[in-house]
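Each of the next two complexes has subunit A plus one more chain, namely subunit B in the first and subunit C in the second.
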Partner chain A sequence: MQNKEHSFNGMWRQIVSIRGMGQVISVSIALIIMTIVFGIINPLFFSPDNTTNLLRQVVPIMIIGMGQSFVLITGGIDLSIGSVAGMSSMISATLMTAGHMNPWLAALITILACCVVGLFNGLLVSKAKLPAFIATLGTMIIARGIAQLVNGNMNTDGIPESAKVFKDLFYYGDTFGLYNPIWIGLILFIFFNFILSRTRTGRHTYAIGSNYEAAKLSGVNVILAESKVYIFSAFLAGIVGLMLTAQSGMGTMSAGNMYELNAVAASVIGGVSTMGGQGLLFGTVIGSFIWGVLNNGLQFAGAPLALRNLVIGVVVIISVLIDRVARSGKFDFRKVLKSKGVNISS
Partner chain B sequence: MKKILVFLLILTMAFAFTACAPKVETPVAAAAPEAAAPAPTPTKTVYLITMDKMDQHWVNVDAGAKTMAEALGLNYKWDAPDVKDNAKQIEAVNNAVADKADLILLAANDPKAISEAVKTAKAKGVKIIYVDSAADEPAIATLSTNNRQAGVLAGQTMVDELKAAGKTSGKIGIISVNTATNSTMNRENGFKEVVAAAGYTILTTEYKDGDAAASQEAAYGFIAGNEDLVGLYGTNEGSTVGVGNAIKAAGKSIIGIGFDKSDAILGLLKDGSLKAAMAQNPFTMGYLGVAQAYAALNDKSTGPAVIDTGVAILRK
Partner chain C sequence: MHVSDYLIELKGVSKVFPGVKALDKVSFLLKAGEVHALVGENGAGKSTLMKIISGIYNRDEGEYLIDGVNIGDLTPKKAQEHGIAIIHQELNMCQDLTVAENMFLGREKSKLGCVQQNEMNRAAKEILDKLKIDIEPDTVLRKLPVSKQQMVEIAKALSTNARILIMDEPTSALSDREIVELFDIIKHLKGNGCAIVYISHRLEELEHITDRISIFRDGRHIVTKDYKDTNLNEIISYMVGREIKEKFPTIECKRGQKLLEVKNLCSGIVNNVSFDLSQGEIVGFAGLIGAGRTELVRALFGAEDITSGEIYLKGKKLNIKTPKDAIVEGIVLGPEDRKKEGLCTKLSIRENIGLANLDQICSKVGIVNRRKENKLAEEAVEKLKIKTPSPEQVVNNLSGGNQQKIVVGKWLVRSAEVVIFDEPTRGIDVAAKVEIYNIMNELKRQGIGVIFVSSEMPEVMCMSDRILVMCNGRITGDLVSRETTQDEILRCATKYSH
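What follows is the complex of A and B.
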């Protein structure tokens, strides 16, 4: 057995030695199996129509999930992002309808407003030392309140014809055969994956989640580093809000309801630890695909709605169980890492 | 140690897989009779997409649609978001189009929000019929309650009941769904028209998204905050259940009028917590909707473009 271990080591070991990669691989296999099964049940599942449709459905959960992953990796949680998406939808649509504003300017102002909420979250957690759960619970309610306030507790009118380019960019249009939001999701993934895996900001994100005190002692500006992740997550939630506005062609006060927890689910399925210090954005992408494929595939298979939620719930729990098992087996893991000379305590 | 870990991972994956397995049974069972009874022409697929699946109202629309679809040999599926949500309903429509639906019976959650998706579906050759609530985008036909008239009827019933109880003035509270839903807004406005004209004071409407528990709290708020409250009105199933339960809990002689027919509402009518409920005919919406769908799919006349499926007043 030991020999076998060595025979296919090399690259494999190197890949597996990345923290959290084990789970990413296992859920990727689960995703592939799932996809094949759905395709067998209903061949239309693989039709070009549905493939592009499915990709577009996955994007919002993937984008908001990436933001949540950043926060989870620091050991926090951001409960406000669903409401921030709703706020983004309402602010952008109100500016375009009642405010007669150019859609791009409206989008810019909206994103800035979302980032302010993120900064507020960040300061509450990093500077005022509130538990993330409590701080973002407060801003969750506040952001939903703002969503209701901006247009006098009414959903907005339809955004004007002149905003068609906005609708096309964020939902309806396509480029090279793929809907534009898919490209937006891809660009955001590349950018934020670069930040998390290749920059100092990324290393600090892991460091805070692994050992806050140690990170502080080793000179990490913890207030700045912790604030950043909440700004990232609010920014990404803001983008999702713009997509929701484009999709409905109007602002909806209840938009983004429960997205914060769907984002946790996507992250956790993809191997991001809710205890901090561990996770890969690629895992979150796979997690959101599992989510999307289950929802879409179960509909295509004609499964009742209640069963869909039940299955997704079971998948979330199993994913956390895998995480637990992997962590309890970390004795071996660490030996592998040490042999590769990887510094695991960050 | 590592062997155990790998083994466990595979095991959990197998679990994840079997967790998905129940879904296999449903479609296989559903697909079998279809394959066993080959139709001369390929079977057309009709989708029903409602606002959610919570209310018995939608269950009854589904029952009607299913009955007619079976009678006519159509392939039939029902889908809806788990809660009322524009984005999720748009996705349900997109999924149905990708699943090669030939016709969609749609209850629009928001007439504006869903219209772009309906337009796209039509462009791909999918036919649309509205049930319960129409969207802005034109369709073959609409089967719904004339909600404005039903609201007027509810208002008239309220006034009659109040007069019968000897209350010629006082405050009335309304629990509705949200300001974006046309059907309930029309029920609210029709009601207000009659009741205000009869000299009663109408309080600011509380919108609770059809959630029975939240509606009950809001109704309790009306009762607790207004000594001269004489009546409460709920504009849909959830709102009405909330109104009835709040009146029951308060034990005061407040007139409760509501909408829709469900077991809970029938119970509340029976014990007197509600005086009357405007019952729509959701079964008819689904039943006739699929009949029109069949006509449309076979290029036959679909009859009138708007069908008022009517209301009946339910009492004790």
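What follows is the complex of A and C.
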């Protein structure tokens, strides 16, 4: 060990040794390369307008992605979040229009409703022991149904002008120069990252995904721990639903369609393993940016929607493959790095 | 206040599951500072008893006293609070968490919702040091070999201030050296007043640490004795209810022609392995865990990629790339982990046997002939003396010994040339072991070449004609079993160890 360790070097080593950081670093590098490439193809990619546009597209995916990540780490999956976002949008908008309700009260009720759905998912999976895929598939359809019922199978009217503050908070306004959705995303990231990495709840989340039986026999309340992640997921989907209402100024029954798949994509690209027990929320953030950059960048390069979907699909598959190969231990990238004196754990 | 000599007292405890009385008015007394061995055949009720003691099951009748106080219903968490910890046969820990995280799982120290990682690491290191276990608390569990993971489980039990430690087959995955380390830890724990319940099928190792021994049979407590007042033969006869004349039945038969020739085989850790096998010969592979024996036999069976080398069967060069190739040539394998690799546990006996013999029971277009399948299954059950009400019984419900018979038996209804057993008697009781040995002998008599991998020295020495010792992927000894000693085998097995 060298006597004089440059302080940056020491800090770098500490960061790099966080479990799961390996893949996060590689996707971060990939993101940087991608951004540069798209910038070269069309320098307008870097314009402030497009950057804001990009960030606005990324934030909802990032927020929903974080919720999905919690669920994935426990070894489950939440297919209902897109519909829950749509349900949230419809409920809040309906309460504000037909219900003439104060937007904040409407938002509160909406979030509570979403948490109830989350709890429902949680109990189906943890108590009734339904496979997460099936349970959340059912909830997905139910939530979409609620979204349609709430306003009598119609999209809502525009939300009243008195809700301008709401619209600004959740979409249009900016604080200290940054658009509010970005702040919301940032605050939610800090909060949920803290939960995942530094609290008991987070520890139990990893434990259940890694070995459910062991967690149970160690005295972890597995039903509570497993239900929590589905509540987080639904809560975050609810927030995104509110953002959608603010953005479009109304409730659309098809809001949030397919979001769950993008959320899975963001998580998986960011290194969250579909087999559970591994993953960092920061990875999901990077993953959602990669999704956003691909989407936006390809749009800027003139690619049609179909091609964008194709590319993103391929990237997701490659990410899962990388996860599988890394987990099987057949290819030890770490050994290569170790021989060069870099020690990355995970 | 009633002061008791015993940490734990069970009196008249029974437990019934649908269709089977697992425990029938058993009693069990545990003193502080003793190592109490619990032995019995599979199905004797040891596992059920342990689960009742540790709170996983609740008893149907009888008394359960801890420190002289009657306990009602128990949960794993409450049992933990009473100081009871159980280390299961199959490791039950989260592979993706670190050592310290696993040790404190469910009891994380947290301040204001924030987990005190450094504090837990420190506490973990303290316990590991006390037990002289050389592991860093922030190592991810997946990185540690099974033996070290087992030590972590013990450390975890101790971190809960366990006074009663239940160990279920703790040595089944350990090398001899690691077993010595484990016994040192047990003696240390004894010295601190800890009581240890030690369940094992490996009766020979009990003499090193046991104070008292309890024997169970068919759900009933037969007897408890001080270990020094009894001997191995008496224990076995209590376990089985009859005397077993021969622990290792052997037969003499003329060795036939050269059957299998392996030349310079390389596959993963297997490094330039060459050996021969003749007809009617049993070759045992000895060596430490990680020596490459399982990898070698898997390569012979086509389950691992062969990077170089040749295999000849009866003079013909074989090209084995998948298990199917091996099976077609007549080389079959009973794998090491019977539940994960050898059986479809949710399927019936009939289906498991049928699966290995589909080519015999299916028509050309692939339709299964149920009559042929049934007949095959009945044949196997009879030939192998599998204890089951019918071939429709789901394999998971069978005892370890019977499961093992199917793992191997499913191949025996085809004509095989070379039969490979990987740890054929792991985790099964004395009587069932003898039946497996008889099967091996029967194959030998029929002129089939038998290879078996085993970590139990007496088994290897008594059952094989020749012993091949491996170390670090290479063959370090080709010994005639009648003429060699345990020391010589061990020397070969540690030739390249550091």
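Just so we're on the same page, the second predicted complex is superposed on the first by the 312 of 346 C-alpha atoms of A that agree within 3 Å, B and C clash if a C-alpha of one lies under 4 Å from a C-alpha of the other, contacts with A are read in each partner's own complex, and residues count from 1 in each chain.
Everything that follows uses one rule, which is that a residue touches a chain if its C-beta (ideal position, glycine included) is under 8 Å from a C-beta of that chain, and two chains touch if they have at least 3 such contacts.
If you're wondering where the values come from, they're calculated on a predicted model, not measured in any experiment.
Student: Just from the overlay, do subunit B and subunit C fit on subunit A, or is there a clash?
Tutor: Superposition result for subunit B and subunit C: fit.
Student: Measure off the angle at the C-alpha centre of subunit A toward the C-alpha centres of subunit B and subunit C in the combined model, and quote it in steps of 10°.
Tutor: That angle rounds to 130 degrees.
Student: With the two complexes superposed on chain A, say which partner A:F235 touches: subunit B (first), subunit C (second), both, or neither.
Tutor: In the superposition, A:F235 touches no partner, neither subunit B nor subunit C.
Student: Contact-wise, after the overlay, does A:A214 reach subunit B, subunit C, both or neither (first, second, both, neither)?
Tutor: second
Student: Considering only touches as defined above, state whether A:G22 meets subunit B (first), subunit C (second), both or neither.
Tutor: In the superposed model, A:G22 contacts subunit B only, not subunit C.
Student: Is A:N309 in contact with subunit B, with subunit C, with both, or with neither (first, second, both, neither)?
Tutor: The first partner, subunit B, only.
Student: Count the residues of subunit A touched by subunit B and by subunit C, then name the partner with the higher count.
Tutor: B
Student: Check whether A:G277 is in contact with subunit B, with subunit C, with both or with neither, and answer first, second, both or neither.
Tutor: After superposing on A, A:G277 lies in contact with subunit C but is clear of subunit B.
Student: Could you look at A:Q247 and tell me whether it touches subunit B, subunit C, both or neither (first, second, both, neither)?
Tutor: first
Student: Kindly classify A:I41 by the partners it touches after superposition: subunit B alone (first), subunit C alone (second), both, or neither?
Tutor: The answer is first: A:I41 touches subunit B but not subunit C.
Student: Look across subunit B and subunit C in the superposition and give the shortest C-alpha distance you find, in Å.
Tutor: Nearest C-alpha pair, subunit B versus subunit C: 12 Å apart.
Student: Of all residues in subunit A, which touch subunit C in the complex?
Tutor: Residue positions touching the partner: 19, 198-200, 202-204, 206-207, 209-211, 213-220, 277-278, 345-346.
Student: Write out the stretch or stretches of subunit A touching subunit B in their complex.
Tutor: Interface residues on subunit A, with respect to subunit B: 1, 5, 22, 26, 29-30, 33-34, 37, 41-42, 44, 47, 49-50, 53-54, 56-57, 60, 153-155, 157-158, 167, 172, 244, 247-250, 252-255, 257, 294, 296-305, 307, 309, 311, 314-315, 318, 321-322, 325-326, 329, 331-332.
Student: Quick one: which bits of subunit B touch subunit A in the complex? Just the residue numbers, please.
Tutor: Counting only subunit B, the residues touching subunit A are 1-5, 8-9, 12-13, 15-17, 19-20, 22-24, 26-28, 30, 53, 77, 79-80, 82-87, 90-92, 94-95, 97-100, 110, 112-116, 120, 178-180, 209.
Student: Can you check the complex and tell me which residues of subunit C touch subunit A?
Tutor: Subunit C residues touching subunit A: 56, 76-77, 80, 88, 92-98, 101-102, 105-108, 110, 113-115, 117, 140.
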